[in-house]
Amino acid sequence: MKTYPKKRIDIIFEAPLMQRIIDRLEQAKVSGYSVMPIIAGRGHDSSWTADGQISNATKMVSIVCITDASKVDDLLDSVLGAISNQIGFVTISDVSVVRPERF
Amino acid sequence: MKTYPKKRIDIIFEAPLMQRIIDRLEQAKVSGYSVMPIIAGRGHDSSWTADGQISNATKMVSIVCITDASKVDDLLDSVLGAISNQIGFVTISDVSVVRPERF
Amino acid sequence: MKTYPKKRIDIIFEAPLMQRIIDRLEQAKVSGYSVMPIIAGRGHDSSWTADGQISNATKMVSIVCITDASKVDDLLDSVLGAISNQIGFVTISDVSVVRPERF
Amino acid sequence: MTDLAFQNLLSPMVLFFALGLLAAFARSDLSVPEAIAKLLALYLLLSIGFRGGAEVAHHGLTVQLVATVGAGILLSFVIPFIAFALLRKTTSLNATDAAAVAGHYGSISAVTFVAVTGVLVQLSITYDGYLVAVAAAMETPAIFAALLIARRMTAPTDSGANGDFIREIAFNGSIVILLGAFGIGAITGQSGMKILKPFILDMFPGFLCLFLLDMGLVAGRGLKQGWRYISVPVAAFAIIMPLIGGALAAALAILIGLSVGSTAVLITLAASASYIAVPAAMRLALPAANPAIALTLSLGITFPFNLLIGIPLYIAVAGRIAH
Amino acid sequence: MTDLAFQNLLSPMVLFFALGLLAAFARSDLSVPEAIAKLLALYLLLSIGFRGGAEVAHHGLTVQLVATVGAGILLSFVIPFIAFALLRKTTSLNATDAAAVAGHYGSISAVTFVAVTGVLVQLSITYDGYLVAVAAAMETPAIFAALLIARRMTAPTDSGANGDFIREIAFNGSIVILLGAFGIGAITGQSGMKILKPFILDMFPGFLCLFLLDMGLVAGRGLKQGWRYISVPVAAFAIIMPLIGGALAAALAILIGLSVGSTAVLITLAASASYIAVPAAMRLALPAANPAIALTLSLGITFPFNLLIGIPLYIAVAGRIAH
Amino acid sequence: MTDLAFQNLLSPMVLFFALGLLAAFARSDLSVPEAIAKLLALYLLLSIGFRGGAEVAHHGLTVQLVATVGAGILLSFVIPFIAFALLRKTTSLNATDAAAVAGHYGSISAVTFVAVTGVLVQLSITYDGYLVAVAAAMETPAIFAALLIARRMTAPTDSGANGDFIREIAFNGSIVILLGAFGIGAITGQSGMKILKPFILDMFPGFLCLFLLDMGLVAGRGLKQGWRYISVPVAAFAIIMPLIGGALAAALAILIGLSVGSTAVLITLAASASYIAVPAAMRLALPAANPAIALTLSLGITFPFNLLIGIPLYIAVAGRIAH
């Protein structure tokens, strides 16, 4: 089946930043995104878990966005601006899709 | 360590379709799959969140399936049939695994 | 934007093994990891779902770890030791990151 | 009657719904976790089911019960055809969207059922316990009516009503728990009720407040997203259709000879629109329909309308037409 | 006795378990969110722990208490060896699977404990509060017995019982909450109970119904998956083993001189099989064992057997042998 | 007084908190699912809000009420400046971390509020219902104070306090539910309370025990992670600062002429530090601050200190200074 190359952007960041990251993604005119939960983790200095937490202050969350290679630079620019002072990072990887027009 | 190339298929689709997608995957004789939650998202016309939802009608969900390249076309054929009228999409990417025989 | 190649390791394993896998990751000196939930799945002999479960005995869970290619072999060695007798598997894929120094 | 409306308006339940709406409009991050929302829905269905069953155990099966279940099934099946015709005449919704919306309005809203029974209890007006079974019986015929309509109007899809789909609809979780709890209530009767009273009766208003807070949040967020799809005629439908459905139910209630309380409940059931069982079924059966339209109408307009204006009105009407 | 069995059969709790089973067999999508299932389990353990502690505060520590805890530990440790021998003689399970199953049957099921105490309360038969502590003490010895058996029979793995593993077992969440709540109940006594009664006592039957609904769903889905692994002899084991364990407990209860109620509870504990604490421990300790076998047996066969037939039987036996 | 402290120490609530702490230190896998923790927090805020409102409905609005709300706002705004100065003088925390911690100590802890009112009820000392509104009013001024401090001390960031941020703070979920439930309690008064009593009053101690068990687990795990950041002077701050804040509150309470109970509550509010509303706001406003420091201090040191020693002390002081 014919497939077309796109980029998958994974943004992992602190949950309180959610609204800001989403605003940036919309500015970058991505066709969509999906938010996926993270339930625990460890970084450079300490580990955390979502269990028993009553606020989102100490949680990380992940946003996946499938997008065209042409939009990646814009997207990185705006998203990195939002997480520059905060805990968070971005990975970019290659994926193929079947219906390229929707991304 | 010696690794072997496989394909990772990510299917993102509306939760009410779950049983149908799973039936298609089983038809395509994949060795297994894992369902991962999505808690919020935005697509071409509106955003949604799982918070406070009492039914799965407005939720998306993601299925990850590691499989051999030889099975990808069959798998795409059957899965795309199930989601053609619905909201959903598929991405394919390259992964390496250590124990190739199990996929 | 300049990006740098790293490896993404996905480890899918039985939830009761969590502490052991984490210990192995720390031995392998990875810079961090994130635990992501899996809510249902099927493998070579049966399907499972997290719904209604009171213990973690029948659940799978996923750990994502972004790391440098140089650390992958060590990491695989120690993690595969922990899951050799158990249900679980590892995939390795290529990703790019913007701030290479943190991984 | 104005008194009653006002009193209902200021009940904690309605106020918690309003709080949820306001919080959503103010873009507050207040939210109820998904697992909790599902627990609350499960609890409400279990509680009303059990109570209905326990009352039937008390009063026994009657001809009236059977007749009312029959009337409910008829209403659930017929209302979608009326709704569809009305939508196609007065709005610019396409056939598929109109069929999906019609399916929602044929089915019922369990929470609206709870609300009317709550007001009746406050007013010391009795109603028959078996109406829970009527509510359960009204959940699904509308889904099949919507499918028939869509079939006639649009090309059939392979994802339509086959055996699997019928099983999925019939054993839908909300119906299983409602009817299952009804059956358990009917079997264990007053002795079961005695054991479970603190959970099933005493906790009910509190859990209902939490649930309505959540529904307010969901409805508010839905309205903010969905209002774009809702033209004035479509919005008008969401208020007129309950009145039409309610009028049909009133006619049948007179025929059967229901009491004032039971008449009010049957009218309310017919006037309410589903947002638990039907939406997911419509995603399977009519995937081309835009789910935001039906949900915005049923949860964002018809539900608050019934809560604030409809219920007092239906009770007043029932008081006139029933004996 | 037949009366009692029948009465238990028609209690709301048993009926909700049956509803869950039926819903699972009918492939209904009814489900209880994972977080809610965990809340219900947490609540049940907390509630029975606290109640046991509050009663011990009332009646004080006795020699009998110590003797019964000792008997419980002995039973939990010995039963796995018998179960293992029986499984290896009568079934074709391999050594690892047999050891894992044996571990489940040595340990106890908190919900079966709750069920027997519920029936005793209905029958106005008293039992000793400290049996909660006995239950907690019986959770883990079986795990170590299973490990010893597996060690003897199979090559040791590096993932076996080291310090970490022992800590994981000893501070397992279900034991910590059961014993912790027991301790708090014992410290705060009747004054603590007065404050917490509406939560801990009054809500109990309702939460238990929800929990058993969930257990029915899980057991039903487990049976559909797991029946393939269950041969007739293996299924027979799941009914015979409780009777053997129960008989041993009955003998010890006579020796200690327990009352009718306490005898019935000790028999039930010995006759029940774990599905909360042990499964996860066995995944760590005996990874090569197929988890579906033990879970299908304990939750899908032994638990319903005890609920419907075992408990009335154990009470009847206790009535004959105790004074 | 020692008696009272001891009595509080042995209340089920405090003991469940201790159980959580111990379980965390023992590395038990006991845990409360996130969705349940959020339900418990939602319930506690709803319950105390509604009760406060229902009491204000009973007693009416007074000048004292307005004065006390004003005092609360003042305390919440002023305490961070004092806390910041103290931290910078006595510890080696950097300006940003010190500002973030200061923000936590200006704001309040709803659970500490609950704890003091619980003890007052046990001692039959009355306090004013409107103190719930005071608590709500004290949640946010501290956040703005912390921002002002950080602005003065550090370079401003683009992620600082703009319109969006102010809305996010003002419509923070915990404030919306606390004030919303307060308003609903005030509107529906005793009739609302009658309907909701089993849920809002009777369940309260039980839910609070579960919540404190969870807080103990979270605090214990937080302490294990966070102690590295906590030098002796920083830890001392977490005990001295409540006493300073409490002293200020005592002075204002005398000025306003509050009753013994209300004085004790106002002191406790001032002496408590936030761990629900403020931490997330600080992540947005002061991203460079290390979140582990403030959370370890407020939940791991100040909260247990207040629970065990502070509250009995504040009540004793209130008994001397108020009439």
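Chains: A, B, C, D, E and F, in written order; residue numbering restarts at 1 for each.
Please note the rule applied: a contact is a pair of C-beta atoms (placed from the backbone, for glycine too) under 8 Å apart; a residue touches a chain by one contact, two chains touch by 3 or more.
Worth saying up front: this structure is predicted, and the values here are computed from it rather than measured.
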{"item": "Contacts common to subunit C and subunit F (chain labels)", "value": "A, E"}
{"item": "Shortest path length from subunit B to subunit E (each step joins two touching chains)", "value": "2"}
{"item": "Most distant chain from subunit A by Cα centroid", "value": "E"}
{"item": "Label of the chain whose CA centroid is most distant from the centroid of subunit F", "value": "B"}
{"item": "Subunit A and subunit C: spacing of chain centres that average the CA atoms, whole Å", "value": "19"}
{"item": "Approximate Å spacing (C-alpha centroids) for the pair subunit A, subunit F", "value": "34"}
{"item": "Averaged-CA centre spacing for the pair subunit E and subunit A, given as whole angstrom", "value": "45"}
{"item": "Interchain centroid distance [CA atoms averaged], subunit D/subunit F, Å", "value": "41"}
{"item": "In subunit E, residues with contacts to at least two other chains", "value": "31-36, 38, 168, 198, 202-203"}
{"item": "Overlap residues in subunit B, where contacts from two or more other chains coincide", "value": "36-37, 39, 93-94"}
{"item": "Chain pairs that touch, as defined at the top of this document", "value": "A-B, A-C, A-F, B-C, B-D, C-E, D-E, D-F, E-F"}
{"item": "Interface residues, subunit A side, partner subunit F - complex", "value": "14-17, 19-20, 39, 46-58, 81-82, 85-86"}
{"item": "Interface residues, subunit E side, partner subunit C - complex", "value": "31-34, 37-38, 40-41, 157-159, 164, 168, 214, 217-218, 221, 225-226, 275-277, 279-284, 287-288, 291-292, 295"}
{"item": "Residue ranges of subunit F touching subunit D (in the complex, touch as defined)", "value": "33-36, 38-39, 42-43, 46, 50, 167-168, 171-173, 176-177, 180-181, 183-184, 187-188, 192, 195-196, 198-200, 202-203"}
{"item": "Touching residues on subunit C, where the partner in the complex is subunit A", "value": "1, 3, 6, 8, 22, 25-26, 31-37, 61, 66, 93-99, 102"}
{"item": "Sites on subunit B touched by subunit A in the complex", "value": "10, 12, 36-44, 60, 62, 72-73, 76-77, 80, 89-94"}
